[in-house]
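Read through the structures below before going on.
Each of the two complexes below includes chain A, the first together with chain B, the second together with chain C.
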Partner chain A sequence: MTQATTQPQDTRKAMQFGIFSVGDITRNPVTGEEPTDASRLQDVLRIAQHAEEVGLDVFAMGEHHNPPFMPSSPVAINSWLAAKTERLILSTATTLITTNDPVRIAEEYAMLQHLSGGRMDLTLGRGNTGPVYPWFGEDIRQGIPLALEKYALLRRLWREEFVDWSGQFRTPLQGFQSTPRPLDGVPPFVWHGSIRSPEIAEQAAYYGDGFFSNHIFWPAEHTAKMIGYYRQRFEHYGHGTAAQAIVGLGGQAFMRKNSQDAVNEFRPYFNEAPVYGNGPSLEDFTAQTPLTVGSPQQVIDRTLGFREYAGDYQRQLWLMDHAGLPLKTVLEQLDLLGGEVVPVLRKEFAKNRPAGVPDAPTHDNLKAAAAAAALVEKAAEKSAEDVELMEVGS
Partner chain B sequence: MVLAERRRGNQSISRIIVRQTSAEWCGHVKAGSPLKLSVLDLVPVHTEQSSSDAIAASIALAKRADDLGFERYWVAEHHNMPAVAATNPPVLIGIIAANTDRIRVGSGGVMLPNHSPLVIAEQFAVLEAAFPARIDLGIGRAPGSDPVITALLRSSGATSDVDEFPKNVQDIRMLLSPDGATLRLGGGRGGDSGRDYAIKATPLAAAASPIWLLGSSDYSARLAASLGLPYVFAHHFSGEGTAQALALYRDGFTPSEDLAAPRTFLTVNAVVADTAEEARALALPQLQQMARLRSGLPLGPQVTVEEAAAATADLPPALQDLIDRMSERWIIDAPGPAATRIRALAAQFGVDEVMISPGAGSSVPDDPRTAPGRIRTLELLAAELVTIRGNSVAGSAVDPNVHANE
Partner chain C sequence: MTKRRIAVVSAGLAKPSSTRMLADRISTATVARLAELGVEVTVDTIELRDTAVDVTNNLLTGFPSPKLEETIETVATADGLIAVTPVFTTSYNGLFKSFFDVLDPQSLNGAPVLIGATAGTPRHSLVLDYALRPLFTYLHAVVVPTGVFAASADWGDAGDRVATLQSRVERAAAEFASLVAVSDRSSQVRDPFELDSGFSPTGSYMID
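What follows is the complex of A and B.
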């Protein structure tokens, strides 16, 4: 038998590396320039395409409905990017499961799945901005129940042809069919993002989905606790061993060859960044959270350290384009990330990675897994038939 | 798995996930990190005690908590109550801190509307200077009393400064900081911008005690979140509204110079003894006192365990009903089950520290200058829950400003 040289490029990777953007519109504190919605959107699109150019695997777009954030529709942005890229996996950071209609999520992301040829997945999050909820008829105090019920429906819409459903947070459905049906009959892969709610880790474990911990504001021990819990519960629900659970982590970095240059250049952006700007000092924040400001080697060392408390994991995303950083600087950051950091990380993370740890999820992986499962089922049916025949014959 | 989902329906999956989380997460947290325990003391006075005895008993309790590895010891502010000797947190904090070695000592809390912010800042600046990195300034918004007391506490009469609360918290924060605050004097007319007047709570502060906002409503949760301060919800009052207040606090949290991420703990009433039966007997005096308070009945000093047991037969049904309902929320049990419930509560609300308000009463033969029932509660819980930290001395030298990373 000949080698499969005609096979398309190997999409299987032990780990996926990439970036996520929250699409904040922040004045550049150094030049005073203020991006517009239009300019920021164009910058984000350019940044995402550059992620592919420098060899990164994933771009994840945030969803926000309040200033200073621009991206209200990550699925629209990712659809455009699907047409402009070839290898990049288009994900979200996050898709709001609480305030969106799960029927629309099912439809739109299945459409994106077809448009991108399976180069997509999504990370579900609840959103922690209280005022946003009532704009969409919801209440933040119901955050967890909303996330649990809406996802239970979303799953069924992708897995069952016709769905009868009734629940607390949405009008009932009778024989509803979500279209288009998932590509190759394989539902999009789902990560559940949470930084502090064990219920969401439990949910991810219950279904055997991925768990994404964007721990950029949190000390390591907290993240370790959440991930440890998800892994243990993943095993409990029978999806594999704890080491086989699917884990993704957030991170944040700013690099220059010389680490002091990085600190000096980044400090004014840090000081005025949305969320943590005008708060803790850069030094405190880098000590207490995964933010790394320094040389590429420092980012490599810090990121390799994540494995010590998260275990061998599947996806690493960094936030690189916020706080008013100019496009040119962000593109340079991606050059460093793709050119110097990620190649070393791929090599180092591969060392001592136990054989049973699954590769990062892709459409092809999931398709192969579904086919294998179907074969097993068929074989089981066949042997059941054989037993029946034997019984009839005897 | 898919088949199981279909049979179960959506709402029951949600219920399963929530129930499983509350059952399992606590064990995980326990395995992952030890729980920290703290004490809230109202300095109760019972029928066999003078105020002097009650304060001596609280000093004995604080010393034991210090030895047992408890994290912090807070005293409350109540006025003109026949059974509560904690009227003046800063004075009590000074006494307790001087009698202990390492435990953090603080107010749970200073009722700020009763006081001038500068006086509070000065008092806590002195305490911080005398006991570096051991003092917490917990601040509440309630008056802690009636209008007569408010009038007597405030030189300005019966109006307390509730409306000024957020501003006064910020003022204290600035006054305590080593840089101090600046007041703009005069100005406003004819383009005169006035002159700056510098104020500090103490001449040369090395550090400021952390400020905690305390509350039993959404208001302080929101305020603590917007100011980036640590926050404690008074879960021990009624056990209701905690999840909502903590969600508001955590979701709305804006990092500040003092704190990078939300920081909170849980308060519970607890009476722990060798057997559940003994714990129930020890809890009765305080339960009866609370039931009388809630029902608006006249109050006296706290009765003894013997007096409480004798009174049970004659209690009006409404009072007994109130006591029964409160008993369910309190932790009144033998050590093992009590610890399990405390761990479950910590897990449910995502905290790594629980503050115990030890509610055991005293017996007639007890030495009035100590509190054996309350001490026993702390000892039994410590044995179940506290891992003695080897470096408690080094721990107390940590800069309080990095408590976000504790």
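What follows is the complex of A and C.
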């Protein structure tokens, strides 16, 4: 059951809360059980559906082409989930813009947009696994140029009916029409994900797209600077004030009612987790990154603190299902997240949120914005015509 | 008076270590030579041993702890670097290499560097030229021609009596000091968000 809040409608619109998953297949260090591709996929599907059941807004699936990561096709997973859910926004973490063909991204995600009734968006990332680039015929040293050029094409494919294009990283197109056309003529919302590349923050700012900071693998002061840079460049490019830029943040938590229980239970998973396992202590890592292991209240307090350095933002996703945590535990974590943490965060984040800060992007508000922009344009044309008529008349 | 700051990195593992002794000797000679050139110099000496766990954690997590970040900043923004390692298994030791592995590969571009090494016997002395010098050349640092190698015997009377350890130290320090004197690295303002001059958010540029 989701708890009633004082302003359920508004707070749900302002900020979206959810989870993101890398889909790692990691041996459970406590029981020694090793998931298979099949069992992990079923677990991920269950976890995503449970996210909706506990009142979360977003599920985002990673894309990987190397074991021990299972999800090679987040768009396939999200399409299945679209049919099984009703409210959940299905996103990615991330879609590899460097090694995928932008034409296929345009087509597949537009298809997902239709299948989900607009309940989708995507986060573009470069991927950091060296061999994936040559496996897909690319060169990791061109990671940034690939992300820039391929996205420039992707945007056009969703916004222009027929595209003539040539570039450095793909065979040219003449008169190509990507199908299906975006739902209601509204291209899917795009977040650009990056941990530490200012070029990607610049790209997101240039287009007025969202910027999603992974946040969890880097000290907060660096994330703060990167987001500050994106906000400032967003304003520079004329999309609104810095405070109006669209920001998403990652987070990572493990909770039990008593914080010491959380620490004791999570430590063996932490100690052998991919990325940071067998490295810094749990205590150092929680101090240096947004990882919070403790009571739901501690997660609430820590998360509210993100706003102090990232500004009022639009999307908060947590990594909850990695490092070999068993399904049952992850589902319990989601119960705590959806039942105790997020309802409080919705209320608290709504307090003192400046009026100009945009709501989180959804298909509906993008559609409304496009309709409003079309009206303004029509009015401008009309007044231009009136001026012409007056000039003719005079 | 002109002011400069140099960083001294010692990868010696014992405390006290002969590697640190060599590093101190070189930095003392450098300070004296710079004083003759009218340069007042601050010396930040770093024992890598103190950040050994942090360096390993950085290799695993991809980011430095606050303590290591401060160390990296000290090294990357110095006007010059004296880098000294003991020889382990015919090369710099793993800690020395790991520290330079976690630095941003651009961070020592153009930095004056004086290399030194210590070992039990003089038969390892070419380590300076087959291991340390290529490492810093790769990092686009400017390595002074004279490196200083000290074998155990150099600390007693069985060392080289013609080209003594101190004379080698003095010669290297003189070469290094002349570069440090004109270095402006410590006063440069670095913008971590600076984009390449050819950058365009819509693509159409390639990284060579």
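Brief remarks on what is shown
Rule of thumb we're sticking to: the second predicted complex is superposed on the first by the 382 of 394 C-alpha atoms of A that agree within 3 Å, B and C clash if a C-alpha of one lies under 4 Å from a C-alpha of the other, contacts with A are read in each partner's own complex, and residues count from 1 in each chain.
We take it that a residue touches a chain if its C-beta (ideal position, glycine included) is under 8 Å from a C-beta of that chain, and two chains touch if they have at least 3 such contacts.
Predicted model, so just to flag it, every value in this text is computed and none were measured.
After superposition onto chain A, the modelled positions of chain B and chain C overlap sterically. When the two complexes are overlaid on their common chain A, residue A:H322 makes contact with neither chain B nor chain C. By the document's definition of touching, of the two partners only chain B reaches A:R159; chain C does not. In the superposed model, A:I140 lies in contact with chain B only, and not with chain C. Chain A has more of its residues touched by B than by the other of chain B and chain C.
Looking at the shared chain after the overlay, A:Y229 reaches both chain B and chain C.
Of the two partner chains, chain B is the only one touched by A:G130; chain C is not. In the superposition on chain A, contact of A:G279 is made with both chain B and chain C. In the superposed model, A:H192 makes contact with neither chain B nor chain C. In the superposition on chain A, A:Y206 contacts both chain B and chain C. Common to the chain B and chain C contact sets on chain A are residues 141, 144-145, 148-149, 152, 167-168, 198-199, 201-203, 206-207, 217-219, 225, 229, 275-276, 279-280, 284-285, 288. Against chain A, the residues of chain C that register as touching in their complex are 56-57, 60-63, 65-66, 192-195, 199-207. Residues of chain A touching chain C in their complex: 141-142, 144-145, 148-152, 167-168, 198-199, 201-203, 205-207, 217-219, 222, 225, 229, 275-280, 284-285, 288. For chain A in complex with chain B, the touching residues are 128-130, 140-141, 143-145, 148-149, 152-153, 155-156, 159-160, 165, 167-168, 196-199, 201-203, 206-208, 217-219, 221, 224-225, 228-229, 232-233, 236-239, 275-276, 279-281, 284-285, 287-289.
Remark: chain B residues 1-2, 5-6, 10-11, 13-14, 16-18, 20-21, 24-25, 28-29, 32-33, 228, 244, 247-248, 250-252, 254-257, 260-261, 347, 350, 402, 404-405 touch chain A in the complex.
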